[in-house]
Amino acid sequence: MVGRMNIIKRMITDESSTAGRIFNITIQLLIVLSLLGFSLQTLPDLTVRQRLLLRASETVIVLIFTAEYLLRIAYAPDRRKFIFSFFGIVDLLAILPFYLMLGIDLRAIRTLQLLRVVRILKLARYSKAMQRLSRAFKIAKEELQLFLFTTLVLLYLAAVGIYYFENPAQPEAFSSIFDALWWSVITLTTVGYGDIYPITAGGRFFTFMMLIIGLGIVSLPAGLIASALSEARKMED
Amino acid sequence: MVGRMNIIKRMITDESSTAGRIFNITIQLLIVLSLLGFSLQTLPDLTVRQRLLLRASETVIVLIFTAEYLLRIAYAPDRRKFIFSFFGIVDLLAILPFYLMLGIDLRAIRTLQLLRVVRILKLARYSKAMQRLSRAFKIAKEELQLFLFTTLVLLYLAAVGIYYFENPAQPEAFSSIFDALWWSVITLTTVGYGDIYPITAGGRFFTFMMLIIGLGIVSLPAGLIASALSEARKMED
Amino acid sequence: MVGRMNIIKRMITDESSTAGRIFNITIQLLIVLSLLGFSLQTLPDLTVRQRLLLRASETVIVLIFTAEYLLRIAYAPDRRKFIFSFFGIVDLLAILPFYLMLGIDLRAIRTLQLLRVVRILKLARYSKAMQRLSRAFKIAKEELQLFLFTTLVLLYLAAVGIYYFENPAQPEAFSSIFDALWWSVITLTTVGYGDIYPITAGGRFFTFMMLIIGLGIVSLPAGLIASALSEARKMED
Amino acid sequence: MVGRMNIIKRMITDESSTAGRIFNITIQLLIVLSLLGFSLQTLPDLTVRQRLLLRASETVIVLIFTAEYLLRIAYAPDRRKFIFSFFGIVDLLAILPFYLMLGIDLRAIRTLQLLRVVRILKLARYSKAMQRLSRAFKIAKEELQLFLFTTLVLLYLAAVGIYYFENPAQPEAFSSIFDALWWSVITLTTVGYGDIYPITAGGRFFTFMMLIIGLGIVSLPAGLIASALSEARKMED
């Protein structure tokens, strides 16, 4: 009995042990499976049998996650600290929607269902990548704020300008500055769906000017994060 | 009386004092509120009551901005210099449209209204980011001119080429080199609305060639500004 | 007789000899011709004569590739090693579909035909570029994994979010999370076909937020590979 | 008489003299005017009077360019060398179409007209930018070749793959590998017109894979040229 408890303890607390590694891989697989099940459930033409199967697998996975959560609390050096830590809260949020849905009226279910996506954050526990990325964001914080502020100003100015040029010609498409803002986001990020675009000569020339100015600024963060990432890597060495 | 005057003076001239900080945050909030009001006003289906409310809030904000402008003049070390400085002019332009619209015929109003967007520049007063960005632009000035010149030449050549290939096949879409220029801007920036695109084999192959050459050049400024920004940051330290 | 054998041996084994250089250029031309023939064959409105011509040229090219394969085995210092090496397998796969199609029922032919594209990998033998690129990928491996993981998480979160906003408004376009995933791939890579896009205010604001976060991350690998390539070049010097 | 000749000689040969600077700016303005006239001429609904005006201004500009060409030959230190130099040939090609069109049947005119665009290259004479850019291309030559080769292979593999997935579902849109190549160019450069896109689950997943791999490679040249440009600048100092 003592031996079995030891294996479970090692499983939870010692990542480098065989038991710990198997446990971690299992949990990761269950997270991915759970997200797959969540995605499959949104398919519009499922049969009753398929729905039942998804429901059953969801129940099993939640029970395992609940056991994992309770064990993590049990073996935490400081239980209170774990419960209120980032991963403690994530682990709770990953199972909470399921239990809340057992005793709740049907209308709020849809939003609760979507909360299941929080489980993806459980994956972050196993990823050094996430830690490095968050460090890189801290390094580039000031530059990213500068980028964000400039981008917002630019997007707004582009929206006001295109509204001025296109609203008289296309009162439906560019009905207000909010529609024009949608256009400026989709254009300056170069997504360009084609659902809304200028047709007047003035509006087209203005778009050209905005793109020449905007491309250099909107695509800045890639470079900023890239160099911050290389700095973050150096700090790890 | 002296004490109150001192608070107002500190509010305007001393950014690090409590009064100054509260004043600055208030002004920034009012700028954002004013831009929001300006955007809401363009919504096509507002009720009379909503219009009156927007009008009232606009009046209040302009009065506050007017008081701010007059106080800034009053407490400026050199009044003439402040009035003709960048922010002096911006502060004036931010309130001028409102007063001009009081005694003017209705037709010019639309353009005057849009001038209210100048207020966004008032925000620049509070942003170190803007100063760093303008410094970065100065550092990369020569490269950016090179980029601009090359891009313009490339866009024009692409337009002439696609006009040659597509005009006979799509005389409506590619009716002149100006339409072809619109195509080359939207294609080489990779926006790609889909309102105009080549359909002939020649035009498609030409597009491929232009994209291979053009992508490297059109997306240059991001890299140029990124490295100029890091230089500008070093200069601040 | 001995002289002729020597020329053939040199042709295969000594790239710097005249015979070797002519042989290599011939093989490269044949690879390109073979891919061109493969592409032409998919044209829907070929005449019988054109089909026969393509078939004949395919037969000739495969026979030459077969001779090349056998000669490479014959002159390899270690035959077994060559046969199971990357290029040994590629050389075999480049001719196998042809011979398999001689004695096989018609239905599997289509997939077999497409395997002919493997021939493009034969070109890699002549390219230092490929070697440098694969070295660059090894250098940036860890960063690229980080990018891949973050991108996958981001794409999934974007898909769940947009599904939440747009599914009630466009149940056809955003029918499940899988459709929403297609949207998030096409949007965050800024391709933006325009076949599926948000129309609700919430969905549009969410798209804006995702693009601001996502652009910096999705366009990371370009910078990562660029710097890895320059490192790989230094290692060659 | 001697004095006037001296001014003309200085105008042509001494860029730093007042006469030379005025002459250069005049020629640059004429080039831009000439390109504008060329663009205006393609407008489909010009009146007869507008056409005559454009024709007249074209004649004047060509006569001035002819005088410039003859003067440049006259004052060249080595006339033969100038005539066969890059700018000597460009100067000739800039006026040749006009004279050829005087004595030619009407059908070839359209292509000849388009040759007028060569005049844009006359601008390169005044641009240090062009020289630096061509130097940067030389520095990054090897990397750009690597990029070009990899991109071509990737585009072709993407085309074959999407043809395999989409041809059975959309035989019209993906009718052959050439249509699929157009798709892969427009998708991997993230232009995304929306004229052709996958609709099958397999094709969409394949597109996702290709974009993940391809984005890093297709957007490489921007970084390569950016760093080559900074090297080229250092070489100038």
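Each chain carries a letter (A, B, C and D) given by its place in the written order, and its residues are counted from 1.
Assume contacts are C-beta pairs under 8 Å (C-beta built on N, C-alpha and C of every residue); 3 or more make two chains touch, one makes a residue touch a chain.
Given the structure is predicted, the values throughout are model-derived calculations rather than measurements.
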Shared interface numbering between chain C and chain A [over half = same, under half = different]: different
Identity of the chain that, by mean CA position, is farthest from chain B: C
Selected interface, B-C versus B-D, where C-beta contact pairs are more numerous: B-D
Mean-CA-position distance for chain C and chain B (Å): 43
Whole-Å gap between the CA centroids of chain B and chain D: 30
Shared interface positions of chain C, touching two or more other chains: 178, 190-194, 219, 222-224, 227
Chain C - residues contacting chain B, complex: 190-194
Interface residues, chain A side, partner chain B - complex: 143, 145-146, 149-150, 153, 156-157, 160, 163-164, 167, 171, 175-178, 181, 187, 190-194, 197, 201, 204, 207-208, 211-212, 215-217, 219-220, 222-224, 227
Chain A-facing residues of chain B, complex: 35, 38-39, 42-44, 111, 114, 117, 120, 123, 127, 129-130, 132-133, 144, 148, 151, 178, 182, 185-186, 189-195, 218-219, 221-227, 229-230, 233
